[in-house]
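A single structure is presented below for examination.
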Amino acid sequence: MAVWTAAQLAHRFDLELRGDGQQSVTGVCTLTPGRPGHLSFLANPKYRSALRDTAASVVVLGPRDADSYSGTALVARDPYLAFARVSALFDVQPPCLPGVHPTAVIDPSARVDAAAEIGPFVVIDAGATVGAGARIAAHSHIGLNASVGEGTRLEGRNWIGPNCVVGARCRLNAGCVIGARGFGLAPTPEGWEEVPQLGRVVIGDDVEIGANTCVDRGAIDDTVIETGAKLDDLVMIAHNCRIGARTAIAAQTGIAGSTQVGARCLIGGSVGISGHLLIGDDVVLLGRSMVTHSLPEKGTYGSGWPVVPAREWRKQVARMRRLDRTEAKIKRLEARLGLASEPEQEGEPT
Amino acid sequence: MAVWTAAQLAHRFDLELRGDGQQSVTGVCTLTPGRPGHLSFLANPKYRSALRDTAASVVVLGPRDADSYSGTALVARDPYLAFARVSALFDVQPPCLPGVHPTAVIDPSARVDAAAEIGPFVVIDAGATVGAGARIAAHSHIGLNASVGEGTRLEGRNWIGPNCVVGARCRLNAGCVIGARGFGLAPTPEGWEEVPQLGRVVIGDDVEIGANTCVDRGAIDDTVIETGAKLDDLVMIAHNCRIGARTAIAAQTGIAGSTQVGARCLIGGSVGISGHLLIGDDVVLLGRSMVTHSLPEKGTYGSGWPVVPAREWRKQVARMRRLDRTEAKIKRLEARLGLASEPEQEGEPT
Amino acid sequence: MAVWTAAQLAHRFDLELRGDGQQSVTGVCTLTPGRPGHLSFLANPKYRSALRDTAASVVVLGPRDADSYSGTALVARDPYLAFARVSALFDVQPPCLPGVHPTAVIDPSARVDAAAEIGPFVVIDAGATVGAGARIAAHSHIGLNASVGEGTRLEGRNWIGPNCVVGARCRLNAGCVIGARGFGLAPTPEGWEEVPQLGRVVIGDDVEIGANTCVDRGAIDDTVIETGAKLDDLVMIAHNCRIGARTAIAAQTGIAGSTQVGARCLIGGSVGISGHLLIGDDVVLLGRSMVTHSLPEKGTYGSGWPVVPAREWRKQVARMRRLDRTEAKIKRLEARLGLASEPEQEGEPT
């Protein structure tokens, strides 16, 4: 069990110490109710009142809150970030223990760095490479000529398709599938014919891919996830998409083929983006947005219809369905009063 | 092949027998068309007319329907439940056969009950425990210090993260991931920094988790699935959610971080619930509901826009987009007629 | 590395050659920018202008475009289909190499054809069968009495439940789960009771199932995926659904229990279809459609609310919520002017 004093933490993370430097902590806790011998943090002003009653022994907080707190504190300009760094000392994730488990099946032509860890029942195909400090956990499969960069973690039963490239310091959570066949089909009179998917998935450095997420390989060119992008669980990235650097995508979002998403976007959960679109840099898409046209301009976008009691929902649907008649009635009223009606544009939604 | 007579079933499940007690059945069938030598049931009055023509040899039904049925019947107050119990006699799921497959990799410090079954290529890490009667099927991985309760079934390639707790008599369908890293990220000028996810997933007793469903571990506190909750396939439960006892969640629903769902809720498929909300006990959410605010009150809620022919859908979108002009026209008409207009509230949807 | 001359390709695929038959290609490329020594195609007239500047050495195109192209060309009536067939020569997918990996665990009563390939850590249960030319990749599990047809590929860690049937020449992408327990539950005063799911999944020939997709087994009867159907990644097919021949379903779509989908349907991404419905043949559902009633008639259907800037979205929601008042105002205006108002139908959305 890790034990740290407040003074040690202040020194290690370059934070200002207030109060008892000898106070020790063995883990982290939430501010409410807090837990003696543990460290908490205050970042959201909304929780300021919780500071008074917390049982946490040490709190990471900002300069403004520090003045009104009498307990032991570590003062940081960005308390959430400082807390994130401190809490890593108590992380539960297994470290990389270099070595190859005797049950792993590794093709003789694969190059696995001696400082990588290869877990039980891992399969590594011909020509594949694994960098130093990488941790390939149980039941993972690295395909023909694929490569996994230094310090990257495959958390368990990850599948990396042929020729795919995963950069350095990435994290692939359990069950994600990188480089499955894209959904390319050509219609024939006798049914669908498969269009071979010859591209790769190319993932930059410091990328996170969520549990059971799927990133399909490209048809001809590659599907690309740029450096620092973060994908949550059960996300779908179709063939030939490009996801920009540092873009974050929440769970269950799906992006159809060949769409390009810019850098530093924030994409909420269960968003759907059609294929062949362009989403610019710094676009924010609220959860469950339905995107059927390109959004080249920076901004925050949303759509969808929040819940109401089911009885009212059914009425809303009926009202929406008769909007044509509602408009016609207005026209009739305008005509009666001799008011000119503007022409309506019945265009496609774009 | 199991063979049961109607009389044996009546005795075993405490049902009233009508007709030929020596009639035997070797399996179950639907009422239409039915199948000789098989058992069916009638629970929904809508299918009452099918009773006349069914080829089933024995039917489980309610007292009211029994009087008008001349075939062999087992009479139950809740025919669907009685049928469920009877049909378990013909279940196809493999039983627990205690023992450890020679290919399994089990850390010496793990405690696996002698009455548990550990399948091929299973990995059990240090400090983990598996209870009596548990069946851990092929390719599953039980992480560091995690525990799996008595009689629980891991159906295949399940991944249980470090320290996670799965109760007794649970069923984890193939591919589900329990305790992957929550999507905790802190922004920095150089990109996202991971916030360590130190909590666990704690699952009560009698819980079902669907195939390829993901339940992420908590950031500081735990993610909790209470006793008797039932989750379908491809569901996403984010870090620090709490799902109440006996709540059922249909496929592809996603619940964002720190949301609390009450007991006995019925949540339809593809529902999306934002983070940090409170859903009360006994709430029913219709399929595809979009929930962006708390719903503390019991009730049935819905949202969303059912399909229409695409041509009409495009017109609906256009009409909705010009609702501002529609309202302005009404105002103009009211002004012309000297009718006072109520002020509109342009508030946030809540 | 495969090398083909234009003349060889023309002969092999029965295409008309124009230009230099000795031009060789070693792979495929997109038209823009193109790549010397590679083959591209032009199918969409929108990209016709790219033909002039492409660096591709050989282009597959239609008769109309061939006349205005001076480079080496292969002329096809359906250039996309012809390209698909040619590009298969350069496919990256591993071929079937008959034989059983020494780590595979195969029950003695299973019948595995000598011309099938069984990969590392595969598990095949009692009574299961695998046909000639099938390729069962690493970490897959074929359950009790299940069968996999000739030439079918399980791409990696696929799970096939007991008694399930997969036809010939199918492709199951990594992580898909066929035949997990359907979500059948009966309410009791003490909580949910499992309804045994005794049916199978029966999959026809030439079917594709996407990565991490789930098809649940039937409760009594079977869940059926007919010949030539194509399912993308992360799709959910619930118990007792029937998906018609050649129907294509894009990623993240979910279909609830007992719904029947006809033949040759095109179902977009993230569509949700309620249970117990009938979708006719040749129905097209646009992405994210919400289907709550049967659609027996051929046609194109859609629903949903495309994104707008978030500020405008919030106003739209507010306007929609006050549509009842908007309608009331019109009624008041009509009354004032002595115009008769039609009665409104406040029916359920169907």
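As written, the chain order gives the labels A, B and C, with residue 1 at the start of each chain.
Keep in mind that, in the parts below, contacts are C-beta pairs under 8 Å (C-beta built on N, C-alpha and C of every residue); 3 or more make two chains touch, one makes a residue touch a chain.
Computed from a predicted model, the values in this text were never measured in an experiment.
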item	value
Interface sides of subunit A and subunit B: same vs different residues, half threshold	different
Rotational angle, Cα trace of subunit A fitted to subunit C, multiple of 5°	120
Inter-centroid spacing, subunit B versus subunit A (mean Cα positions, whole Å)	24
Residue numbers of subunit B (touch at least two other chains)	103, 121, 139, 157, 175, 212, 234, 252, 270, 304-306, 308, 314, 317, 320-321, 323, 326, 330, 333, 337, 349
List of subunit B residues in touch with subunit A within their complex	103, 105, 121, 123, 125, 139, 141, 144, 157, 159, 161-163, 175, 177, 180-181, 183-188, 191-198, 212, 214, 216, 220-221, 234, 236, 238, 252, 254, 256, 270, 272, 274, 284-286, 289-293, 295, 299-306, 308, 314-323, 325-326, 329-330, 332-333, 336-337, 349
Complex contact set, residues of subunit A against subunit B	27-30, 78, 80-81, 83-85, 87-88, 90-94, 101, 103, 119-121, 137-139, 155-157, 171, 173-175, 206, 208, 210-212, 228, 230, 232-234, 245-246, 248, 250-252, 269-270, 287-288, 304-311, 313-314, 317, 320-321, 323-324, 326-327, 330, 333-334, 337, 339, 341-342, 344-349
